[in-house]
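First chain A sits with chain B, and in the next complex the same chain sits with chain C.
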Partner chain A sequence: MRELFPMKQVMGFVFSLLLTVIALAVYFLDMSFATGITILLVTAFIQATVQLVVFMHAGETEDKASIYSNAFFGILLAVIIVLGTLLTMIWDMG
Partner chain B sequence: MKVDQSLPLEYGTEQNQMNILGFWIFLGAEIMLFATLFASYFTLEHRIGSGPSGAEIFEITPVLIETFLLLTSSFTIGLAIHAMRLGRQKAMMGFLAVTLLLGLAFLGVEIYEFIHYYHVGATLQTSAFTAILLTTLGTHGAHVTLGLFWGLFILIQIKKRGLTPATANKSFIFSLYWHFLDVVWIFIFSFIYLKGMM
Partner chain C sequence: MEFFQRFAIPHPSPAIYASMVAIVLTMIAIVVGVTYFKKWGYLWREWLTTVDHKRIGIMYLISALLMLFRGGADAIMMRAQLAAPENTLLDAQHYNEIFTTHGVVMIIFMAMPFIMALMNFVVPLQIGARDVAFPRLNALSFWLFFMGAMLFNISFVVGGSPDAGWTSYFPLAGNEFSTSVGTNYYMIAIQIAGIGTLITGINFLVTILKMRAPGMTLMRMPMFTWSALITNLIIVFAFPVLTIALLMGTMDRLFGTHFFTLDNGGMDMLWANLFWIWGHPEVYILILPAFGVYSEVISTFSRRNLYGYTSMVASMVVISLLSFTVWVHHFFTMGQGALTNSIFSITTMAIAVPTGVKIFNWLLTMWRGKIVVTTPMLYSLLFIPLFTIGGVTGVMLGMSAADYQYHNTMFLVAHFHMVIIPGVVFAMLAGLTYWWPKMFGFMLNEKLGKAAAWVIAAGTLLAFMPMFFTGLDGQARRMYTYSETAGYTTGNMISFVGAAILAIGFVIIVYNIYYSFRYAPRNIGSDPWDARSLEWATHSPVPDYNFAVTPQVESREAFWDAKKKGHVLFKEELKKIHMPNSSGVPFIMSALFFVFGFGFIFSIWPLVIISGIGIFACMAHRSFEKDDGFYIPVEEVKETEEKLGGAK
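Right, the complex of A and B next:
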């Protein structure tokens, strides 16, 4: 039975629950928008990294360079799309 | 078909390795799909017209239940792949079944949430905000729904054919898809719900 619950994945799960609880602080505690959004950015991106490395086995095989560069490219474009939209549509720097 | 025994079963053949890499490229495209939805959401979230704002309609309890269900299902699908690598077919099928049940429960809570939005007057036609909110949540929910059927068919196939390089490969790719949906949910949870209720 024990061998079915590897330490690495159990710890990954506990860690992701912990990150969710930390993120919840922005709801239950009173804080400024800047502080809150910083906490959310940090917890969300750490959480995504935990999933990628622990659960999706991204760095375990020979194709890891292709997998990481592909994921990096996808994330880079996502960041450009979101930040670019915020810049022109919300922050009025267009 | 040449099977390389030094690698996990799902990586055993050349074709299997190509399938996995191909699916990662698909996930790259999916990241961009959700990025455009998030970009549109951030643009439109304050354009509420005469409709309700996010802070008025979001409820913390169902959102927390959904988050917990999806996080746990992401953990159990990880355990399923681990059991698969140990060659424990029964345990693998058990974890996969638990994953699908958690996914189904998630979908149930999300449907409840959508009914709630309808009752408080937040429909697809109410405002730019409700339109992009329901489109973003709905796109994620549609992915989960598709995943439930996909996972169910894989479960049936493993029962019929056992753990072969082909079924192991399908299961592994399904696990990538499921973890990805969890990652998307983390961002929805943080930047739609928590940011909206802050």
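Right, the complex of A and C next:
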């Protein structure tokens, strides 16, 4: 019975619900913009990871190395593009 | 009547009316010709519905060559206009439209499909596969590209061409300053072609990662396949940025949003930023496959294995990351501070390092090799010095402080033409000549081929070297004329002569194709160049199923070692071969995309809705369709193999 019960998925589901509740709290509770955005960003990234690993089965096949390296490459490029754009267009714009 | 008014050309000239007539006559001639020779069935069965990567490659090739002549005609007109001061051959508006379409056509509708042509034809053969991972999707890619290209090309006779430069910077490209539908064409046509490219990127990534012949590890792949892998990786990460930028631009132009406007919180410079986040990786999307071609050609005709295989791979992997970190060097003068410019100057210098590694690897491959100067090798030999001129001037432009002097001058124009023509165009011509016998079963004439290579190299130098000097003297790019006192006359006249010589070079290539088609011998065997990789292990022209028996790879240069060291490539018995079915849906769906795009450009919403429903219907059809492909029986394989010169 224990082998048949999808413990990982149930726990993942509960965890993603919890993350959603935390994210929703930003709307209902009164907090500063910076705190709110920080919470949203952090929960969003954890949420995405949970979805990828638990429900989209990243890491369960033999090509998990290429899946994770692709995901890592994508995140790295996104960070470069976002920070580079902010630097160019806002932070360092005379 | 008012409805039809919108299709009129805003700035008509006799040349445009003449082209309208020419286009209509050509179309009538094609329809009449195909009907007369009863070729509609053949065209539909063998080409329009094909999912064969080789035929799709050839269709990409034909489109690329057609677009090369369209873009070339634009170039000749520009050079002719500037050949003399105060020239009145073209007016300002017409000149704007021509340099815009020249840029878009050459990059997106000539260089890209040329690369796709070679990748489609060569990559599955080099890795010993029967086709790409998703053959139907591959057909969709091609037809989306083709319809995008056609949509862009009708712009100059229906509604007017885009005129805001190939970079289409906002706010110039916004409704306020570009009132004609031209820029809508830019946004929509590139979007449609871009979807096709993105699909190709995913398709080839999967093909190369998943469909290699047994024994071919990643580090045993031929260098062209490696370059295709990295290129498609960059496509998958870079093209979505263009998709979004074009979508935002379209929304601004058609639906009154304010992403790139000057007022209401818009940020006009964000377009330039997004465009170049795609645009710089795009440069490497063009150049890496070209480098792959040079690696194959130089190693084959030096009769040596490629020097520094591992460092070649490493440099491409490094480029795939660094190519995303340099985009700001396209707009150093936009107003950001010295800190930003310095950071992007340094990343720009850094990306020159892996490129330098590759150049030295090629030189060291040739060193002590037995060099055979064939046409493809001649292009590769000419490429190295010419490309270096483009490269070092690029380093000059990359220094942000100095760039304030060079920015937006002919110096820049000279630089990127000296990079792209020897880098990409020479490589494509080399690849075309090199793989031509594999595609069509006969070789191009060597004498004519070499003559064309020399003429094109001379034309390139003559056309673009003077621009470095007029640019340093202050001649701005995209200016339709200049006064005699400016002193640019001699340089521009030389450029015009160079452009004419380049045109002669391409005419020689066309004549070469015609001449070789008529007179070249057909009994050339399957390996006329004494080459090294797997595509030469099957027959020329290649049978539908590529390899009768899946090859087994034991080394990096599988075919060479099979010839010289006695490795056995084909160990198994003949089996029935599983093949994908042809399908007309990709063509129909892309044709609907054409109508959909046309509707968007002219804001004809009923057309958009109807064709949109059609597109979804095509996708739904695909979802519910059961298609398991078909099998070629062993007897038929045996028969084909015998006809082509015996089972290997």
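Simple rule for what comes next: the second predicted complex is superposed on the first by the 86 of 94 C-alpha atoms of A that agree within 3 Å, B and C clash if a C-alpha of one lies under 4 Å from a C-alpha of the other, contacts with A are read in each partner's own complex, and residues count from 1 in each chain.
Rule of thumb we're sticking to: contacts are C-beta pairs under 8 Å (C-beta built on N, C-alpha and C of every residue); 3 or more make two chains touch, one makes a residue touch a chain.
Remember, predicted model here, so these are calculated numbers, not experimental data.
Taken together in the superposed arrangement on chain A, chain B and chain C clash.
Contacts of A:Ser66 after superposition: both chain B and chain C are touched.
Once the two complexes are laid over each other on the shared chain, residue contacts for A:Leu24 go to chain B alone; chain C is not touched. Applying the stated contact rule after C-alpha superposition, one finds that A:Leu87 touches chain C and leaves chain B untouched. Taking chain A as the reference, the larger set of touched residues comes from B, when chain B and chain C are compared. Residue contacts after overlaying the shared chain place A:Leu77 against chain B and chain C alike. In this superposition on chain A, the options for chain C are 76-84, 256-264, 382-390 or 508-516, and chain B clashes with just 256-264.
Overlap of the chain B and chain C interfaces on chain A comprises residues 63, 66, 73-74, 77, 81, 84-85, 89. Contact residues of chain A toward chain C in the complex are 63, 66, 73-74, 76-77, 80-81, 84-85, 87-89, 92-94.
For chain C in complex with chain A, the residues that touch the partner chain are 209, 233, 237, 241, 267, 269-270, 273, 277, 321, 324-325, 327-328, 334-337, 339-340, 343.
On chain A, the positions that touch chain B within their shared complex are 3-6, 9, 12-13, 16-17, 20, 23-24, 26-27, 31, 33, 36-37, 40-41, 43-44, 47-48, 51-52, 54-57, 61, 63, 66-67, 70-71, 73-75, 77-79, 81-82, 84-86, 89-90.
Chain contact summary for the complex, chain B toward chain A: residues 7-8, 11, 17, 20-21, 24-25, 27-32, 34-36, 38-40, 42-43, 60, 64, 67-68, 71-72, 74-75, 77-79, 81-83, 86, 88, 91, 175-176, 179-180, 182-183, 186-187, 189-191, 194-195, 197-198.
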